[in-house]
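Following this line, the structures themselves.
Two complexes follow with subunit A in common, the first pairing it with subunit B and the second with subunit C.
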Partner chain A sequence: MGLGLLASRALRSSRLLTSPSPRFSFLRPIVSTPELQNPEAAQAQPEAPPPADLPKRAPVAGARVHFTNPEDAIEVFVDGYPVKIPKGFTVLQACEVAGVDIPRFCYHSRLSIAGNCRMCLVEVEKSPKPVASCAMPALPGMKIKTDTPIAKKAREGVMEFLLMNHPLDCPICDQGGECDLQDQSMAFGSDRGRFTEMKRSVVDKNLGPLVKTVMTRCIQCTRCVRFATEVAGVQDLGMLGRGSGEEIGTYVEKLMTSELSGNVIDICPVGALTSKPFAFKARNWELKGTESIDVTDAVGSNIRIDSRGPEIMRILPRLNEDINEEWISDKTRFFYDGLKRQRLNDPMIRGSDGRFKAVSWRDALAVIAEVIHQVKPEEIVGVAGKLSDAESMMVLKDFLNRMGSNNVWCEGNGMHPNADLRSGYLLNSGISGLEKADAFLLVGTQPRVEAAMVNARIRKTVRATEAKVGYIGPPTDLNYDHQHLGTTTQTLKEIAENRHPFCSTLSNAKNPSIIVGAGIFERGDKDAIFAAIETIAKNCKAIRPDWNGLNVLLLNAAQAAALDLGLVPESQNCIESAKFLYLMGADDVSLEKLPSDAFVVYQGHHGDRGVYRANVILPASAFTEKEGTYENTEGCAQQTLPAVPTVGDARDDWKIIRALSEVAGARLPYDTVSGVRSRIRVVAPNLLRVDEREAATFSSSLVKPEIKQEMSSEPFGSAVENFYMTDSITRASKIMAQCSAMLLKK
Partner chain B sequence: MLARLATQRLLEIRQAFRQIPQTTRSFSTALNYHLDTPDNKPDLPWEFNDANKAKVKEILSHYPSNYKQSAVIPLLDLAQQQHGGWLPVSAMNAVAKVIEVAPIRVYEVATFYSMFNRAKVGKYHLLVCGTTPCMIRGSREIEDALLKHLGVKRNEVTKDGMFSVGEMECMGCCVNAPMITVADYSTGSEGYTYNYFEDVTPKRVVEIVEMLRRGEKPPRGTQNPMRINSGPEGGNTTLLGEPKPPPCRDLDAC
Partner chain C sequence: MSFTLRSVKVAPNSASLEEARIRVFDFFRSACRSIPTIMDIYNLDDVVTPSQLRASIASQIRKNCHITNPKVIDMLLFKGIEELNNVVEHAKQRHHIIGQYVVGSGGLVQDVGTKDQANSNFLKNFYETNYF
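On to the complex of A and B.
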């Protein structure tokens, strides 16, 4: 935050201004600038003209200014530097553009302005007293001074009041080392307190299994209250009482049942709200951060994996304005303990007694290679799991193709996925593009549980522009105003035929957005549903050169890349006739129809559902232990990086299949990740353009095959039954189990 | 020697001051969070009665329909009168439903204002002003007399449920200090009164309490027979006739 700079600046100025007179050294005043007790004297100091060669300053944290209208630009002066800012900016934002970091506690750029901590006081010329810069709009020609003695003294005073009731428990506080109050008290705090009364104490609140509260540390910045109300959309937290008895709480005993509740840990500037699973586990300076990607849903939230040695200690969000802003869902943040449980660490073969026996890699691969040559090529089936990276899926497809089979797909995509047009399976308007939409139609999707970050984006849009939301699907709890239009395809049909009252909302909207859930991929009448949706999109002009509002919201991290790579099964009922099934981390495939004599290989990192039926287990590394490419639901390819070493004898997915291909006598022509990637470049080059969103092209003139299918009257189901447990890692996680036991409504 | 003695004495004095307990708070209801009790649970049913429903409608009509939440304070007040002087959590939930906000927004308001009682009070809730002018004029003795007479502690209800004593901040009657306020919840929101009794003495408050117990209505306002409202004791001493026009300015001359 540049606070080190701030601190050094403050220290420097106090050294210059303090005149250590022997009279004062006896009394030891708190004020380090005694001459300031006479503000007139300070003001009377002759104004030094700004030096002509001011050193250049860079905006704080890369703050950028976008002028929507050039006439609206105004000029203000921050410490003598002229800055051009748009009208409506606050003084604090102007200072950030000018490269001055203003200390703050309650101000947060993504939340409404409260202006109650008073830490951001600055001096403004011709203003009789210091102003709270976060709540003060900048006016043309304003002369803002951020490092004058008056501003410093004001902040010192605020800091002393904040520390009055703050316990001195930094040594046992989990926020220690990354605490705003701790950092800023280094710059503005005194080395001793004048407060001799009792510090107040506040009863701790129970907010559930994720957020630990030590309410005595709270400084009443109300960031958490505003976050819960504005971003998370659960109005549970509030400010209770008044004066010195004021406290944050829920009044009645209530858990915080939001899927974004973990973010209050990040926004809390002190140690009042900390992570319960991380409590007393590590200090933040001991941790190694690895910038990676979340794979628990299809959003691909940017995360930082903090690890100590071979253990993942916690997961934090990384800023990415286009995907997750600076929030992540609770599942992303807290599922990491699943990576330590139920791991597969040795290759195993099921003996004749039905028990698994650990064997060497050589034996395991030899057994598989022997079996794979005994079955007919069309009886070989491969399924990629929902956590697979693009590299391993590419290798799996290549290997099965070499063995003569083309029955390979990714779970969740259904048996006859549409992989022909990229626009048919991507969130075409982009996650950040959803903010431009002014009407939403959600078809068979509950974004709140399927993709919490997309839901947060929709909520943001609904709050900002009062966009209308229509929803077709089973009754659900979306945290914004919505119309529940129906539960079956009948409603969809009515809208497609312009017989529904919601049609006028859609056609009056400038940027209508239709979001289709990927749960529909598993339905038999999927093509008919998509045809109906395309009719709706045509009717309300949702697909234009400047706006593509026909969106598919995927469920799993692997789905988009699998479809890009063409993982489409050749025959729809290949499972029924399979004799050799290769499950690459696939746990949610229905294996009921699998013949009992089929040979099943499970390659994965967790002993989950897929293991029950497996004949051979090959241990693979999880996404935190390997380098892999994932494409999120909007078509943005991103890469994970290894944060911790692999467990036991596990290997990367693609390496296992590469080794197996050699044992099976069909050697794949690549030995390195870059080799695999050059193969991907041939199939889907967009997967190699990391951190870049490759939007799907769409032309409305495209001729599509006529759909003769009829929509069945079966109601839309919910694709995610339990938000906290969707894949093998989250199902192994103890924290996720606690969450689903305590937070899900029965 | 003298200096050492003086320091020692100073330390003793400081020690003595430190021992004053500073933990008790004197708000109307001390806790800022709710604890379930048999008569105060979120799942107890609570509704405005029919007469008050009309009043609710009337109150809501004062505000634009998109700013219903502005009616939170008058509605909480009405609910409190209906419920015998205090607000159970279910009453706050009922108010939240009427004004269509999350319950926490109502709890925030109810905990902020000390005149909303979130714990049971007596039918007559006696509030002693404790702010400086009344304190100088003896409000502590008034409170002691009340508490002693009723045999309760502050914010406690007498066994018969008739009286409770609380403290409040300045009510603007400083000229007639000390004063107490009696919130009368004995007849629901129809006969609800909130009367000031000013110029009270420890003897007089006990008399007032006894009159209330008998169901009489003691005269509100100043209890000093020599005063009329906030006038001086024994009648006016100044401004007895028509005030003279200012001598410096002849208004007719202009």
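On to the complex of A and C.
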């Protein structure tokens, strides 16, 4: 927040103001700066003419101003320094452009303005009293002063009022060390208190298993209320009472049932809302932050993994305007305890009695190599799990190809995925691009549970532009206004044939956006459904050179990269005829049809569903322990970084397969990650352009073969049954289990 | 520091490399002399022989044979004396001795077969650790 800078500036100038007069020391009034007792006098002091060349100031946090219309630029003066800002900026934003960070509690750039904490008071020339800069629009020629005695006194006074009812909890408060109130009272507060009465206390509210409340600490900034109503779209939180009886709470005894509720922990400037699982676990200055990527869904939210030693203590969002803004879903934030449970830490072989026995890597690989040579090449099948990184999928495919098999795919992509055209499986308009859309058609997808951050974008768009949303699928709870058009492909057909009332909404829209759920990949009539959707897209002109509104919303982190790398099975019923099945972290493939004499190798980090049928277990590292490339649903490749060491005797996924290939006598030609990456460069160079979105090239459906399939009348299903438990890590997590028990209760 | 030797003063610095060298030999001798006691108090007869322990002590000393600065040698010597005292005073437990001086850094699984000979460096490293 640049508070350090603020503090140092405040300290420096107050030192200048305080005349050291030891004689006064015992008579000194509460106000720390004696001159401030007489603000009028201070104001009346003749102003020093501004120095001719003010040092150039950089905007706070490197912010850049974007002028939509050059005529709208106005000029204001912040501390005598002229800045150009667009019309409609507030005084606070103007100060930020000028490089002055104004202290604030209630203002948050992504929420509406409340203007109730009064911390952001600044002095504006010709205004009779200090103004709350966050709520005051900047006017041309305004002379804003942020550093005057009046502004300082105002801040000191506000601080004193805020601290009046704030408990002296810092030593036992989880927010300690990253608390806005703590920082700002150091920078702007009075150096002594004169409060002798009793502090008020407020009953704590139960907001569920994720958010811990200590409501006495609340300073009534209402950020959490605004977040819940505006971003999360739940009306659970509110303000009750007035004056000193003011409290934040749920109106009735109720849990907070939002998939984004964890974000109130971040936006609460004090320790009133903190993380329940993290409570009293660590202090934030002992933690090591690692910038990484979330893999629990296909959004690829940017996260920071805070670890202490070998243990992950918490996960926080990282700012990425194009993907997750500054929020993350509750699953992303709280699944980390699953990384400590049910871990596989030794290679194991199932003995004749059906029990696993720990063996050495040498023996495990030797056994697998022996078996793989006894089966026919077409009986070898490999499945990559939903958490696999691109490197390991590349190596898996190369290895199976060397063994003569091409039956390798990634779970969730179905048995006959369309991997030829990238536009056929990506969110083509991009996550941030969804904000431009003015009509949505959701087909067989419930973004709220499949990709909570994408859903937040849609909600943001709907709120900002009143975009219309049509939804086809099982009844669901989307947190914005939508029309439920139907549950079966019948509705889709009607829209495709222009017989449905929603068609006019779509064709009147400038940027219509059709979002198709990846759950459809598993349906038999997938091609027919996609053909119908393409017809709709053509009818409403959703695919143009400047706008591609035909979007596929993927479910898993591995899916996009798997399709880019061409993990497509050769035969559709290879599972039925498999004799050797290599599961690379795949837990959700249905193994019922697998012949009972098939040999199953499970390589992964959790003892989850895949292990039940496995003959050999190879322990691998989880995404927090390795460096891996993941491509999110909009086609943006991102990398995870190792935050903690691997558990037990585990190895990185690609290394295991590379080692196995050598033992099996089909040695793969790379020994390092960069070697694997240069192999990826040949297949899918976009995966190496990290943090860049590689949009699909403009596609016309001309190249597609004619589809003769008919859509079945089977209704659309929901792809994600339980938002909190979608993969092996989240299924092992106790917090996620609590959430699904308490929050999904119907 | 050890309990019996607590009263003993720290010897002054060695004046020369030669003096340090002599001190090291003295230390080695005293360590060798205490081997029977160590075998006795830690019950090591069934896991190790005196000559193995002697070799282990020698290798600990030889690990630092490249050091020529008498001050550093003095420091290492001091640490060695302290360690020896701790061992002799039974300030350690049996598994400490076994772990450090009997099994050593090689680990329990001494895989020194010839089967790895044909393997690539990658595979050799892979069997050792995940970090290479």
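For the reader, a short list of remarks on this structure follows.
The working rule: the second predicted complex is superposed on the first by the 737 of 746 C-alpha atoms of A that agree within 3 Å, B and C clash if a C-alpha of one lies under 4 Å from a C-alpha of the other, contacts with A are read in each partner's own complex, and residues count from 1 in each chain.
One rule holds for everything that comes next: a contact is a pair of C-beta atoms (placed from the backbone, for glycine too) under 8 Å apart; a residue touches a chain by one contact, two chains touch by 3 or more.
Note that the structure is predicted; figures quoted are calculated from it, not measured.
With the two structures aligned on subunit A, subunit B fits next to subunit C without clashing. When the two structures are aligned on the shared chain, A:R658 is found in touch with subunit C, with no touch to subunit B.
By the touch criterion defined above, A:A650 reaches subunit C but does not reach subunit B. Counting the residues of subunit A that each partner touches, subunit B and subunit C differ, and the larger count belongs to B.
Across the overlaid pair of complexes, the angle with its corner at the CA centre of subunit A and arms to subunit B and subunit C is 120°, in steps of 10. When both complexes are overlaid on chain A, the residue A:G176 reaches neither subunit B nor subunit C.
Within the superposed three-chain model, A:D671 lies in touch with subunit C and out of touch with subunit B [touch as defined at top].
When the shared chain is aligned, no partner comes close enough to touch A:G566: not subunit B, not subunit C. Contacts of A:G80 after superposition on the shared chain: neither subunit B nor subunit C is touched.
Looking at the shared chain after the overlay, A:G524 reaches neither subunit B nor subunit C.
Note on the superposed arrangement: subunit B and subunit C approach each other to a least C-alpha distance of 54 Å.
Touching of subunit A by both subunit B and subunit C, each in its own complex, is seen for no residue at all.
Looking at the complex, you find that subunit A touches subunit C at residues 360-362, 621, 646, 650-652, 655, 658-659, 662-663, 667, 671. On subunit C, the positions that touch subunit A within their shared complex are 109, 111, 115, 119-123, 126-127, 130.
Residues 197-198, 203, 205, 235-242, 245-247, 249-253 of subunit A are the ones that touch subunit B when the two sit in their complex.
Contact residues on subunit B toward subunit A in their complex (touch as defined above): 22-23, 25, 27, 32-34, 36, 42, 89, 101-105, 107-108, 111-114.
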